[in-house]
Every structure is written in C-alpha cells, then in structure tokens.
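The same subunit A turns up in both complexes below, where it pairs with subunit B and then with subunit C.
Take a look at the complex of A and B:
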C-alpha cells in the first residue's frame, strides 16, 4: 500500500517535472511557432541566477521564485530583439539560430563561472510515508507546478492580455488589422516563456545539480513533451507530460531508469507516428 | 476620408495594382465593382497595410499612412472586414467582439450598444466563432469591426458564400448604423444587387486600375454592367 502510494507520488513528481521544464517552451511554441533550442540554457541561467542570488544573501525562495524568472525574462527580451524577431515564420532558421545561442550561452557561462558542479540542497526536509520517506521539496514541486499551470490558465482564459494573446495566436494578420501589434505580443510572449523557463531552472536546481551544460539534459525531454503535446499550450503540456511522465516512471520502476527514458522516447515516437500534429492536434482541439 | 494616388502594389514581384487613383469622401458609401483577379481584394489589403505599396500614396483624413504598419493604420481609424471573414475560430462570439475593443484599448462597454444593432448575435455569444454559419460570421466580422470604432470600414466581398436573406440584413444593418453615427464605407464586390443597395458612388476596377465611374441609376443597363460584374 505504501509502496503503491510512493510509486504514484513518483509518477506525479515525474509528470510535474516534465510539465515544469516544458511550460516555457510550450508557451513560446504554441504562441509563436518558434522552437527555442536555447530553452535548456534558459533553465540553466535560471538555476545560476538563483545560486548567485542566494550566494549574495538573498532568501532562497525569493531567489528561486523571483530573481530567477525576472533575470531570464530580461535575457529573453534581449534575445527576442536581437535574434528571434528577425526570423519570424522561418522555423528551421530559428531553430538553428537558437541552437547557436545555446552553445554560446554554455560557453559564456563556463568562461565566467567555471565548469564546476554547484547547487544548493533541497529545502523542506523529508516526509515519512509508511516505511518510506518522500522529499518534501518534491511534494512542493508538484503543488507549485499545479498552481503555476492554473495561473497560466487563468491569465490566458480570463484576462484581456490573455484574450489578445489567444486572438493573435489564431490569426496574427487579423489581430493586426484590428489594431494589435503582433510584434509586441510576441515580445511579451517570449519574455513570459523565458521567465517560466528561468523559474523552472531554479526550481529543479536543488534536485539536479547545476553545471553550464545542464540544459542539454532537459532540452530533449522538454522538446519531446511540447511536440507530443501539440499546439495547445496547456492541454498539450498537461496531456503529454502526463502520458510521458507516467511511462517514464513506470519504466524506471519496473526495469531501470535508463529503460524508463527509453520507454519515454519510444512512447513519444509511437505517438507522433499516430498523431503527427501532437495530442492536441487530434484531441481537445481549440483548447488552450 | 481616403485619398489614393497612383497606388502600385501586389504580391512579391507580381504587380496587381497598376496605379489606382481613388477618393472616398467622408460619410459616403463607395462601391468598387470588378471581376475576379482585377485587384479588388488587393486594393483593400494595400489600404489596410497587409501589402506594401511599391509606389503611390494612401492618405487617411489628410494624413499620409502609406508606410505605417497595419496596426497603426487600424488605430488611426481604418476598419477591415476581410474576405472570408477571418473570425477567430476558437474564440467565442463575445470574445471575438472583445478582441475588437481590446485591440484599440477600448472598454468592453461598447459591445452592448453594438449588439443592439445585431440582435442575431445575442443568442450566439457563447458559441465558438468557427461554429457560426457564413452569414452569421459576416455579421460578427462587421460587429467586431464596429467595436473598434473605425472612421472608415473596408468591406471585402461580403456576399461570398452567403444566403440572400443575410445579404439584405447586412445592407439594412449598415444603413441603420449610418443613421446613428457618421460612417464611411468602401466596398468591393462583384454582386451587382448588393453593391447597388449600399453605394452612392460606384467605380469599376479593371486590370489594377480604376476604369470608370458608373451611375447607380443606370446599373440596370446590361450592356454597361456585363463588362464589369460577374453576372
């Protein structure tokens, strides 16, 4: 019974982690059809922002929940101005450019901060579940991700800003003809996506260990989750991370963690073969 | 209201408009009649700003807008009801109207007054825009345009794929709205009945140029109109 509960919690943790690391990428892809291959480095920058802030005496929670997203959002604004804006509608070129950016950011951070593994330990201790112990921080991550998804939903669904974003996403030319500047919407979207990535990077830092190359470990998973999910930002992220997270954890539990990752990849390949436009390309069409 | 001089535009290297000269006076309803491929929609797209002008000038209320981006022209008062309506398909009817307000930074309060002029839309407010019939979408596109409080409305082939009863409805709506507020309208069409119902001045367009002005009273003259309209 306890074991079942632990496995269940592990599955939910895995789903939450996937959703957390994918959300920023999903917002940018869903809104702008831009695949940001520097997404992993945005996570990494968020993690470093949190570490540097705590190193300078800033409260751990403030560093993770405020400093990290704000600093990566600023990076996002600069990147959008300098690179993304010039390549709208050219998906392959954008992927190439952001991949280059990813390499540059890894190099830059390695040069400035060194290629050493840093990090901070997870707060909140652990909680006993029967004969097992579960990290309190992982439970916090599950709750936080759920709240974050809810906030994103509310902003998109019920605010004027969200309405403008949804309308522009569906038909940028018509939105412009009504008086909206799509380029401004895209800039804000990219900054928000970057902020979400920075936030995610800081939140996974205590579990992951922070090195300049840490992004490469996550970009593939985030990418697969977003592509499997399809165009709908929230429905896609939730359905894809739910499915892939469950497959991953069950695979790890029944075999080995490596086979769990293999199972995740295999599931994604099968899904994309059956649903080339992602889960929300077929089901839940038109949802957020 | 709109003054166009020597406007040349098109798609990439394919030139469609070969020097349009047109003057739409404030408060008038002007129609442009022409066959497919003569540049009707292209003209409206060039005025809206979706297509760049490679030569010539577009003035709105005396101000040169030829180089302004699309959204700034909209903010200066150009309202656009495009061909195919371009309703936001997954937004509800109400959200489509809200987009019209939000895009201009106007409050949502104006929607109620506009719905008074479009009673058919009232019972559809919760439906997704994409689920509406062609005629309902046309009314919605017009209402959405009015939410932005435009000074001039560009109407692109509203009759395409729409049942006749709704056409009459649109004509009546526009006349009704005009009695309440000043409105300038530029309409491109190939449907003779519709263009006659709405326009005080009618021009014909041929091969990317304004060919001539037709007297609305003489539109029954078949020899005259067969050349320009898709009868």
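Take a look at the complex of A and C:
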C-alpha cells in the first residue's frame, strides 16, 4: 500500500517536473509559433541567477521565486528585441538563431562562472509517508507547479492582458487595427515565457545541480513534451507531461532509469506517429 | 598589378622565408632543450573537475618541489598541463600531442577508467611512459603503464566487510555506468557474497544523470541495510543531495568507494554528508608526521589557493610523480625502458600517504588503506591497514613472465 502510494507520488513528481520545465517553452511556442532552442539555457540562467543571489545573501525563496524569473525575463526581452522580432514567421531561421544563442549563452556563462558543477541543498526537510520518506521540497514542487499552471490559465483566460495576447496571436493585423501594438504584445509574451523558464530552472537547481551545460539535459525532454502536447499551451503541456511522466517513472521502476528514458522517447515517437499534430491536435481542440 | 620576374622572385623569397621560419626558430629552441618535459592530463573543467582540480594542484606542487631541490639529473622539469574538459575525445587528442609534439618523458593523467583506456593504447603506441594515479577497478596489465591508486582488493575488500559487520548483510549497489562502475560492482558482489551477504540490486547511471527520484523510492521499497555508492562525477553528487532531502540518510547508511575522491564531503552540507563511510589509500585528515609536514609545505606554498585534498586521488598523483622521479634518478636517464626497469626493481617512496611500493610484476602499488567516516565535512579515520598488496591484479597479471601483455582483466563472478 505504501509502495503504491510512493510510486504514485513519484509519478506525480515526474509529471510536475516535466510540466514545469516545459511551460515556458509551451507559452513561447504555443502563442508565438517560435521554436526557442535556447530554452534550456533560459533554465540554466534561472538556476545561476538563484545561486548568485543566494550567494550574495538573498533569501533562498526570494532568489528562486523572484530574482530568477525577473532576471531571465529581462534577458528574454533583450533577446526578443535584438533577435526574435526580426525573424517572426520564419520558423527555420528562428530555430537557427536561437540555437546559436544557446551556444553563445553556454559559452558566456562558462567564461564568466567556469564550467563547474555547483548547486545548493533543497530546503524543507523530509516527510514520512507510512514506511517511506519523501523530500518535502518535491511535494512543494508538485503543489507549486499546479498553482503555476492555474495562474497561467487564469491570466490567459480571464484577464484583459490574456485576451489581448490571445487575440494578437490569432490575428495581429486585426489587433493592430483595434489599437494594440502587436510588437509590444510579442515582447511581453516572450518575456513571460522566459520568466517561466527561469523560474523552472531555479526550482530544479537544488535537485539537479547547476552547470553551464545543464540546459541540454532538459531541452530535449521539454521539446518532446511540447510537441507531443500540440498547439494548446496548458491542455497540451498537462496531457503530454502526464502521459510521458507516467511512462518514464513506470519504466524507471520496472526496469532502470535509463530504460525509463527510453520508454519516454518511444512513447513520444508512437504518439507523434498516431497524432502528428500532438495530443491537442486531436483531442481538447480549441482549449487553452 | 605588374608581375615581372624581379617582383616574383622577391615575393617568393619572402614567402619561403615565412614558411620556413617556424622550423628554423623551432630548431634553435630544440637545440638548447635542457628541460625534462612532463605532461599532466586532468580535467580542470566539466563534470569531472571535482577530481581534476586537486590533482592538478598536487602535481604542480610536486614538480615545483623537485625543481627547487635541483631538478632531475641536473635539469629542470617542465610541467605541461592539458585540460580535457571531461571530454574523452580531448583525452586522446592531448595524449597524442603529449607524445608527438611535446615528446614528454612521462604522462601523468586520466581520472575515469574510460579516459585511461582512451589514452593507454595511444601512449603505448608512441612509446611514452604513462602513470595513472587514481583508485580504479584493477586488472590493467600493460608494461607501459603504472597504476598507483588502490584497487578493489585494497579498498572494497576492507570496506565491504567493515560496513556489513557494522550495519547488516543486505546491500544495494548504485554505480556509474562505465567500466569503473560495472567492474567494481562485480567486486562488491564478490565480497558481499563471501561475507554471507546479499546484493539486493545493482543499478547503473550514465555520468550525466541527475534525477535519482525513482531509484531512491526503489531503495526504500527494497529496504537494504547498506547502500553502496560507486557513483562518479559532479552530476552524481545530486544523488547524495536527493537522498538526504528525502531524509534517507538518517534511515539507511551509505558506504562508497568514490565518495571523497572529488571532495564531495565539502560540496555537501554536514547534515547531508555525515556518516558516509569510504575507503581510500589517503585522507587529508591522516594524523601522521609525514602528512602534517606535507600539508604545512603545501599550504605555505599555495596559501588560500590550496585545495582540500580529500581522498587519495590528489595525493597518489603526488606520490606517482615522486615515484617516477625516483625511477629516473635510479636509471640515470629519462629513457622509457631504463626508467621502467628501474621502477621494476621494486622502488618504494615514503610520502604523506605512507609507503608506496611498486609491484614489479603488475606495475601496481602496495600501499596503506584507511576506512573513514564523514563528520562535519571532514573525514574521521576509523581503521587503517598497512601495506596492502594489489592482490586483484596480482592474481591475473605477471608482466615479468609476459612483458608484452596488453589488456585489462575483468573479475569473473
């Protein structure tokens, strides 16, 4: 019984982690059709922002939940102004440009901070569940991801800002005719996506350790989740991370962690063969 | 542009001069080469830099000490360090460079067994003497290499019975997924079985894995008495963090053949690291006059930059260089075969880690082994075993009978 509960909790943790690392990418891809290959480096920058801030005496929670997303959002705005906005509608070109950006960011951070593994310990101690123990921080991550998804949903669905953003993405010319500057909306959306990535990076840092190349470990998973999810930002992210996270964890439990990863990739390939437009391309159409 | 005979001649003369200049200048430099070149290849960056940085520091220190004492055979020793950035391809590239361009008298280096096996054939082909100073899984049988770190018959053989006696008989093995982890896990199995214990499971992780969540749950379900960690590198440090975050460090004790080699005890907080047991041929905390004198010199020289030396790897690099220097003195030359034969005469070196004796038949070392426990980010030595022979490699390898042998033996279970 305890074991079933703990496996279930582990599955939920994996799902939350996948959703967390994919959300920023999903916002940028789902809203703007921009494939941001520097997503992994946005995670990495968020993690470093949190580490540097705590190193300078900032409270751990403040640096993870505030400093990291804000600083990466600023990076996002700069990147959007300098690179992305010149390439809207040119998907391949944006991919190449953001890939270049990803390499440049890795190089830059390596030069400044060194190619060394750093990290900090997870706060919150541990919690006993029956005969098992689990880290309190992982439970926090699950709850926090759920709250984050809810906030993103509310902002995009019920606020004027969300309405403007969605309207601009559907038809920029019409939005412009109604007096809204699409380029500002694009910049803000990109910054929001970057902020979510930075936040995710800071939140996974205590569990994963931080190194300039850490983004490469997550970018593939984030991409697979977003592509498997399809066009809808939230429904896609949640359904895809739910499915892939469960497959990954069960694979890890039944066999080895390596086979768990293989199972995740195999599931994604099969899904994309059956549903080339992603899960939300067939089901839950038109949802957010 | 006009192109007459005169300008053509002039241009080509300049061009030829420019092309030939490096060779001429180089030859000039070569003629007055009166230094002995030693190459060190250790990761100063990337996931393995936790091991590499202290090794680079002690190698540099050993060379400086020797030079300050008058050098070798009346010449100064020039140390060339390469940083392979935790990348195997760069290991092969730098090994080739050391042998062909630098014409090094000896190469010290390699941290993971994968990097050693990448460099070993290259240095053998180019007939360049090779010292590997890291604790490893044992079994390398090759006359061109000296492996001076401890092996499973020196550390695992002491650590496993000690912790089984202390904590219980059911062991769960976590290992890095390459030759070191795979082979050492076999040794752990052998000693656990010999102690009437049981290995409940063994799991292998590529060096970049950072998510140990499912594994920690599996360990909780299996309920072992001991978790044996053969994890390697910076990414795997997150296992200890996640293990402690789940509160498991209070429930199931950890023993490791690798913990401390990369100063993991300093990376983790006291709450995370306390209680982990490890076995190595050296700990910085060793309470011997030789070690204390060394640390005093080391810190006086490097000051704030002196790294914590942790367990074995950095110190055996220091021993390794000094043993090579003893060999050169005895041979009276840096010639590869002369030095090899001098070292095969049973050279020993007394250093901070005690006495290290080169075993002529295997090119491995007889050395002291200690078991220690992490306490407040430092090691507290619990037991010491003097002069342990490299029995793992001795059982399979005899280079004096078969000098041309060139392979790594793997223990059969």
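Heads up, the rule we're going with is that the second predicted complex is superposed on the first by the 288 of 288 C-alpha atoms of A that agree within 3 Å, B and C clash if a C-alpha of one lies under 4 Å from a C-alpha of the other, contacts with A are read in each partner's own complex, and residues count from 1 in each chain.
Everything that follows uses one rule, which is that a contact is a pair of C-beta atoms (placed from the backbone, for glycine too) under 8 Å apart; a residue touches a chain by one contact, two chains touch by 3 or more.
On a predicted model such as this, the values are computed, not experimentally measured, just so you know.
Look at A:164: by the touch rule set out above, it reaches subunit B but stays clear of subunit C. Shared-chain residue A:258: touches subunit C; no touch with subunit B. Touch criterion not met for A:87: it reaches neither subunit B nor subunit C. In the superposition on chain A, A:70 makes contact with neither subunit B nor subunit C. After overlaying the two complexes on the shared chain, residue contacts for A:52 are found with neither subunit B nor subunit C.
Shared-chain residue A:60: touches no atom of subunit B or subunit C. Looking at the shared chain after the overlay, A:95 reaches neither subunit B nor subunit C.
Taking subunit A as the reference chain, the count of touched residues is higher for C when subunit B and subunit C are set side by side. Shared interface residues of subunit A (contacting subunit B in one complex, subunit C in the other): none. Interface of subunit A with subunit C (complex): residues 3, 6-7, 10, 13-14, 17, 110, 114-117, 119, 121-122, 124-128, 131-138, 206-209, 211, 217, 249, 252-253, 256-258, 260.
Those residues of subunit B that touch subunit A in the shared complex are 48-50, 69-72, 74-75, 80, 82, 86, 88-91, 95-96, 98-100, 102-105, 128, 130, 144-145, 148.
Residues of subunit A touching subunit B in their complex: 160, 163-164, 166-167, 170-171, 173-182, 285-286. Across the complex, subunit A is touched by residues 45-47, 49-50, 85, 177, 203-206, 208-215, 217-218, 220-221, 234-235, 237-238, 241-242, 244-248, 251, 267-269, 272 of subunit C.
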